[in-house]
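Here is the structure we will look at, set down as structure tokens.
Order as written gives the chain letters A, B and C; numbering starts at 1 within each chain.
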Amino acid sequence: MIVLDKVNKYYGDYHALVDISERVEHNEVLVVCGPSGSGKSTLIRTLNRLEEIDAGRIEIDGRDIHAKGADVNALRAGIGFVFQHFNLFPHLTVLENCTLAPVKLGRASKAEARDYAMGLLEQVGLAHKADAYPNALSGGQQQRVAIARALAMRPPIMLFDEPTSALDPEMVGEVLQVMRTLASQGMTMVCVTHEMGFARDVADRIWFMSEGKILEKATPQDFFANPQHPRAQQFLADRRRD
Amino acid sequence: MQLFDPAILQSGQYHDWLVQGLVLSIQLTVISFVFALPLGALVAVMRTSTFAPLRAIGATFVEAIRNVPLLAHLLFWYFAFPELLPDAARELLYANNPEVICAVIALSLYAGVHMAEDIRSGIRAIPATQLEAARSLGLGRIAAVRLVLLPQALRASVPPLLSQTVNLWKDTSVATVIGAAELMYQAARVETASFRSLEAFTFATLAYLTVSLLISAAAHLFQRCYPVRTA
Amino acid sequence: MLELIDTYWLYFLVGQYPDGPLGGLALTILLSGAALLLAMPLGLLLGIARVSPYRAVNVPVAVLVHVVRAVPLLLVLFWAYFFLPAVTGIKTSQATTMLIVLVLFDSIYLAEIVAAGIRALPKGQLESARSLGLGYRAALRHVVLPQTLRHGLPSIVNQLVSTIKATSLGYIIGLSEVSFIATQINTLVFTQAVEVYLILALTYFILCFGLSRLAFLLERRLQRRPAQAS
């Protein structure tokens, strides 16, 4: 589904992504973890071209996303992205947040978009807040709306960039629950997260990144029981201490 | 008739008029600045005082001046104010370049209150803990304000103050309404005498542009050499 | 003082109208409002251009803004009133000339307000809009600008106050706005200069102070309803 071939990225002299060549399969739930500054957010943001790469190739669904004449907007419409800081539109209601893109991009009529969005809000448990404004919602609620907003475009892939890092601990669970449900429904997901419990329970594979490289790729069982790379071992040891 | 004759700008009567105008504009700016800045500092301190009546007076003063256009101020000081003076004072005023004196009064007050607002935001940017620390050392309120608060506030205020100085420079042009023979007055005079509006206005434009850009460049330089260092 | 007001209030308010063109306070208010309204679309465009990543777009606008802000409005007014007719052959009335110059100045200042507002908006807003597949223009239209204009409303009201004060410069080219009328009244009455100019000052004060209070209240309301989602 997603193919990365020798992807490299620089910020000035700093080599942020080093020769990344990997695949993500259909229906796979991939968790990317690692210390701060390892390049995990950068990597996930290259997939919908929020960051541009300096060398290499990225294919989504068999198409080179950097091909000449590639439509960036069409690419992004086909990928759902959930941000660490939710980024809901404060001047629109919860429902309007979810219907804006489908309607303005001509994917659905207002009525269709409304119905579908209400269905999604039901699924994330926030149908009763449809006419509220984002500033009336808690962080956990806003993030659930953000997920519904991304799903409203019916994307085949969902990307999550540290979705629970900005939440108070008591709200992390409600968001992870939504993500677990999505995973069980077969969505292809790439999640950058520090939530190791989620990774252990839900991920099909884990990538451990450090300094722009993927140092270890393993199933959750192998990764947590038997990490190979010394830096992965250090990372897990630090996490256990918290 | 030539389209653009730079000769008249380089010498001759029109040149002299324009240069005199430019000189007066600069003088008006400098003199008004000298009065405006201390006035601004005083009003800013009043507005941030803990003593409510002082704050009220400061606020009233600022709002009364700020909400009336400079032109109306100039008209007032030139046509109305002399009527309020005792005869002797009025004679003295009329004998000594009343246009310039009234222009300076109006410009100083107008620029002064705008500078007061800039300094006030500079003061507000300094955390209250600074004054507390100064007072804890035993400094009286006036000393604390003078030695600790104002120096820091002024440094933070320099960029907006320089911007206000550019405004003051531009505002001297309005003094033409009461007959002060500054640059705009002279440019219009040249235009009326010679119909050479292009040369006269080009001179004026270049003069205003140059001084404005010089002042703005000074602001940039200041920010580079003396950046605001927060606690 | 009361007799003064009694005799001249209508002249002060509307000038020679209907026996002549509209003047006085009505002209001042009308000109200011019209100028700001007409300047909005241009100011919006220039503001968007100002934040454009393409240097060919944002540099000329930046130069225009810096040049216009470095010269007095009166100078531009003189250019428009004395020089332009010589070149174009069209002699515009004082009111039209004033309006054109005001629209120019207002659009430049509005452009700065819009640009500042766009820059102040958290980056995440544009990113999330683009992540949904909305193009740059659609994202601006539906996400960035509605928020920018809402937050910029107090500044826009303050710009109206500046415009009202700027109309007074029309006096110098003979425009019958309220300051000009006041001086006419002063010339007619001659002995009550203080009263006349105090009334003029008070008129401006009520108008401008009232509007700035409105801007202040708007700003307070905007801060109380925090429109920040995170």
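The rule is short, and it goes like this: contacts are C-beta pairs under 8 Å (C-beta built on N, C-alpha and C of every residue); 3 or more make two chains touch, one makes a residue touch a chain.
Fair warning: this is a prediction, and the values are worked out from it, not measured in the lab.
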Most remote chain, CA-based centroid, reference being chain B: A
Most contacted chain pair (by C-beta pair count): B-C
Chain occupying the most central position, where position means C-alpha average: C
Whole-Å gap separating chain A and chain C, where each centre is the average of the chain's CA atoms: 46
For chain A paired with chain B, centre-to-centre distance based on mean C-alpha positions, whole Å: 56
Mean-CA-position distance for chain C and chain B (Å): 22
List of chain B residues in touch with chain C within their complex: 63-64, 66-73, 75-76, 79-81, 83-84, 166, 170-171, 173-174, 176-177, 184, 187-188, 191, 197-198, 201, 204-205, 208-209, 212-213, 216
Contact footprint of chain C on chain A as seen in their complex: 48, 50, 73-79, 81, 83, 85-91, 100-101, 104-105, 134-135, 139, 142, 146, 149-150, 153, 166
Residues of chain C touching chain B in the complex: 66-67, 69-75, 78-79, 82-83, 86, 161, 164-166, 168-169, 171-172, 179, 182-183, 186, 193-194, 196-198, 200-201, 204-205, 207-209, 212
Chain A contact footprint on chain C (complex, rising order): 122, 124-125, 127-135, 138, 142-143, 146-147, 150, 225-230
